[in-house]
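Both of the next two complexes hold subunit A, though its partner changes from subunit B to subunit C.
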Partner chain A sequence: MHGAVQLNIHHVTRVEGHGNITVNVRDGEIEECRLEIVESPRFFEVMLQGRSYRDAAHITSRICGICSVGHTTASIRATESALGIEPTEQTLLLRKLILHGETLQSHILHIYFLAAPDFLGAPSVIPLARTHTDVVLRALRLKKLANDLCDLIGGRSVHPVAMMPGGFTSVPTIAGLQEVRARLEAAMADMVATAELFATLDIPKFERETEYISLKRPDEYAFYDGELYSSDTGIHPVSHYRRLTNEQVVQRSTAKHAHANRDSFAVGALARYNNNFDRLNPFAKEIADEMSLPVPCFNPFMTTAAQVVECAHAVADGIALIDELIGRGVQPEPLVQSARLDGQGIGAVEVPRGILYHDYQYADGRITRANCIIPTGQNVANIEADMRFLVPQILDKPEAEIAQNLEMLVRAYDPCISCSAHMLDVKFVGKSEGEQS
Partner chain B sequence: MRPRIGIIGIGNTLLGDDGVGIRVIEELRDRGLPEEIELVDGGTCGVDLFYLFQRYDVAVVVDAARMGLPPGTIHRVRPEEVTRLADEQAFSVHDLGLWEAIQLGSVLHTLPPIHIIGVEPEQYNKQHQLSERVSNSVEMVAQLAIEVAECELGDVIS
Partner chain C sequence: MKPKVAFFSFSSCEGCQLQALNLEDQLLSLLDIIEIVNFREAIDDKLENYDIAFVEGSISRYSDIPELIKIRNTAKVLVAFGSCSSQAGINAIRNRLRPEEANAMVYGDRAAWVETGHAKGIDEFVKVDYYLNGCPMDRREFIRLVKAAASGIPFIIPKLPVCTECKLRGNVCILEDRNTLCLGAVTLGGCNAICPAYGHPCVGCRGILPDANIEGMAELLRHHGASDLEIEHLYAMYNYGRISLLTARAASR
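Up next, the complex of A and B:
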């Protein structure tokens, strides 16, 4: 029988940053089941103190090279809310468009470069490029398109320079928008091919229903803004975000743990998909159907499928946003100036891995207090809860397979650990002697 | 004129000597280089280096490299050596960006000739400055990068 398992996976691979998984099972009982975030905290919130409202977004962009547009957007929205700045319609359209660019960048990286090797039986994307050249070329094509979209709107493919409180310091040309639009049209076929590929993959059968938290809007699939929505308790104003995150310091991790109405909750692509499926555009719904993704879906391994759906949404909605921009004409606009220099404001934005909060207090145009809550930090407790639920179901398997399953589970959440440390190694803490075979 | 040669510094300036590649690019900014040579602050752009390499006929990469030599030592590294060393997780200070970009580019046959100039770091502390020994190497690394680029430019043009 399977009495004991000890796993120590140090530095889980193919995730952003450094983390460890420790599992210790004795006599069939789980003694330890942990995801340890071991990266050192970086204290961005302290760095922000005393900085001008003009600098905050450029500083916080550096929290992450994968969701720099997300941090920039959340930061700008917190500042605008604090200082009474109302952005123009054109600015809102451009911000929504560049957020789609980053969602694509990040999800494509995860779907193809980090997750796909697991399902296609390759250790990384490099051997995949030899055995599945067309798949890797498609991935590179989509990623390049997403990079170029971010570059077109933000002035750079990461860490946008054109985005500021009050608007954009430069705007894209119509010709630039048309060029990207044509490539987005072509990307629709690539998204169908992505869904077809995903439909053939053998995703672990595992379900654990949890509380799903996302932004929600009545009129669109919420990325840029919206109210808070919990699958347990419904709509909450964004100002109540602390009640829905409850960050707690835990000894084993440099990422704080979060809970809302249960011991843990999930944010990210699957949470958004479950909460906002009816607001997806028809193309994204087709893609979900192609992959037979149920609504709601309680299998965290299917987060990657939900990311495919969101990519399809971003592509189709990106085209719609560009059409609207071209239709109304894109003009350089002066930055909208602040109405005041004191105040408090929150920016809650759906970034690739879930809701990102920036909350700033300003005095005389300078930040006196900042709070940033990162999606991966919100998910860590839920990943551990999944692990505790999964391990007893797979105890019969060989240790290497258990480790692989746990790593896949962690990767499915697409954790961005540098951001939350505030990585992964899976640590098996020993099968008993008789079980070593 | 399309830039033909890219001198690409990579690294994170917030991590001490890991930023040496970027410091070399800054050092070269005032040098008045031929317009066929483009300077690139590659930052920590990871696998996106794959696209960056495709823009040039030849790429010259400057990066901090753990080679087991005295801090500040400058050493020419061949791309295939990056492969070997990275397998042992010994080469690049940041993620597998450079290694993956080189691997992907060579498997997909999109990789231009690449020269890599490695500088042995002393520390990757969370600080904005280079260590003294690495800092002292910056000018010489910059000079070497130009010489490699100009030599290649002669070949590319002729």
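Up next, the complex of A and C:
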């Protein structure tokens, strides 16, 4: 008998930030299925008011420690577009390289520290250090490489120091680039081992097709820039981003929800993989093949696999970018100055969890209006739609297992809650007596 | 018995927790001297007793206060973890607006749903044993503090300005050399002057030294061409609480 399930998971663990899942099922019907973001709001739009274009990236970097390079990049790109600043070729190469560093560090953290314990049946990565020592050492090695790459380019991986509108205040040495290049080369074997590990994991069989939105470029797997692309409606200019996010404030949740063509859409590694598979480098495609990851893939639990593919891409493309930098030589360059002090600009960047938008209006070099739309806010409605689809399929399982499945689903999206509110606990609101197991 | 360590997070970017996770080289050896019992960013277990609590983030709503007090009552050692926690940090920039105004600006006509107040450092509500300053906190200081706390030795940060480390490091002074406004002279060191080392001014993330001459610093910045607004914004980046002091003193003169 399918009675009533009331599930409340308060503060879902192993996600960045605070979130609650509430599921309420009566007579086999879902009455309520909700993901709440309970982080206290941070008011970045308020903090930016009146600030100089030189301060914007420093402040918005603090929206999220995990994607601080991404926020810095989106912020700088919004400012540069508003004020007519054209960065140099060297700056573009360095920015793409540091973004790969952050994608790698964030994905490795999610794959090994947050998701892998679920699949290996451990409460965290800590006991894995004893039972799966080689796995943990590999994770730490990859993570350290990613952070060292960010340190080399930006001065610091959490909240980079050297990134400014117009360029870098400090550039890496050739010797530093060569050292990281050698470690990226060695990391290719670690990526193959990561894919092999992932191929052995028991990923829930679950599929729900949705609208996938990402940036797209004809010439590369888009991270740094590109046009907007929806798997439903095709290419859109970035200036139409509000139509593809359609922000709404939802009660109880301090992050803003978003929807585009359907009631919900997905951004992030799986969306990018589905939309841009053909632009992955050959090594990343090999890794996808190793894990038998289909294209497109409609299983949100496979987001983690798409992250493995993107790590491989970041490693191989990181090597290519370093070769280009070494080939042309790296010189300190003065910051490119602004052409004007008034204007509006949007920076849309693919950060680990999806598209990040910064949109600023400037008057006299100072921000008069700012809007930041972060990826997790865009994904919340889609996570809820997945939960509504998944819950009836697992309703006859014990409550603890339902809760664990839902937490895994939410974690698969790698929600970065601190930046959503600017999220996670599953709240079951009650399986009826006969159902208690 | 290894001391039990717990991490908590209020209004923050969680970058300080990430800095701790980023200690790849030393993570496993740290686990030989401490036991981590609460770290929502990385583990499922949520234990209710612990010895050392690292509290990240600012307090910005009433509903956070009981949780903070519970943490204080449980932990033997309470550490303010990063500048959001130790001095309200970047979050305090918004304190120039009343909370209702800030809500209305971001959430429009649904502002009433959102509960929030001014951002405050945690020592406005509870006693803090140690401060790990910085945005983000410094990893070497974190290790030093964990080792000290695990063996019961006091943890001390020398009260020297960033300039001292900057000069020792042999950086070119960007204030003198390029008229780039830098707060290194009045900011608590310990970060090894990382920002000037990468060509970026110190913006005071580790907090203004308690006895610093902030008016004199403002004068020096003016001398380097700074406008009053620029000085206010520089101080307000991480030290909003100190500018109200600056203006109050100016008004009383």
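Basically, the second predicted complex is superposed on the first by the 437 of 437 C-alpha atoms of A that agree within 3 Å, B and C clash if a C-alpha of one lies under 4 Å from a C-alpha of the other, contacts with A are read in each partner's own complex, and residues count from 1 in each chain.
Operating definition for what follows: contacts are C-beta pairs under 8 Å (C-beta built on N, C-alpha and C of every residue); 3 or more make two chains touch, one makes a residue touch a chain.
Computed from a predicted model, the values in this text were never measured in an experiment.
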{"item": "Simultaneous placement of subunit C and subunit B on subunit A, clash or fit", "value": "clash"}
{"item": "Residue contacts with subunit A in the superposition, subunit B compared against subunit C", "value": "C"}
{"item": "Which superposed partner A:Asn147 touches (first subunit B, second subunit C, both, neither)", "value": "both"}
{"item": "First, second, both or neither for A:Ala412, with subunit B first and subunit C second", "value": "neither"}
{"item": "First, second, both or neither for A:Ser52, with subunit B first and subunit C second", "value": "second"}
{"item": "First (subunit B), second (subunit C), both or neither touched by A:Leu114", "value": "second"}
{"item": "First (subunit B), second (subunit C), both or neither touched by A:Ala316", "value": "neither"}
{"item": "Contacts of A:Arg130 with subunit B and subunit C, given as first, second, both or neither", "value": "first"}
{"item": "Residues of subunit A contacting subunit B in one complex and subunit C in the other", "value": "40, 42, 62, 65, 109, 113, 124-126, 129, 136, 140, 143-144, 147, 157-158"}
{"item": "Residues of subunit B that touch subunit A when the two form their complex", "value": "14, 43-48, 50-51, 100, 103-104, 107-108, 126"}
{"item": "Sites on subunit C touched by subunit A in the complex", "value": "9-19, 21-22, 24-25, 27-28, 31, 36, 39-46, 60-61, 64, 89-91, 93-94, 97, 102-103, 105-108, 110, 113-116, 135-136, 194-195, 197-200, 203, 230, 233, 237"}
{"item": "Residues of subunit A touching subunit B in the complex", "value": "40, 42, 62, 65, 109, 113, 124-126, 129-130, 133, 136-137, 140, 143-144, 147, 157-158"}
{"item": "Footprint of subunit C on subunit A - complex, ascending", "value": "11, 13-18, 39-43, 45-47, 49-52, 55, 58-59, 62-66, 68, 105, 109, 113-114, 117, 123-126, 129, 136, 140-141, 143-144, 147, 154-159, 161-162, 164, 168-170, 249, 251-252, 254, 418-419"}
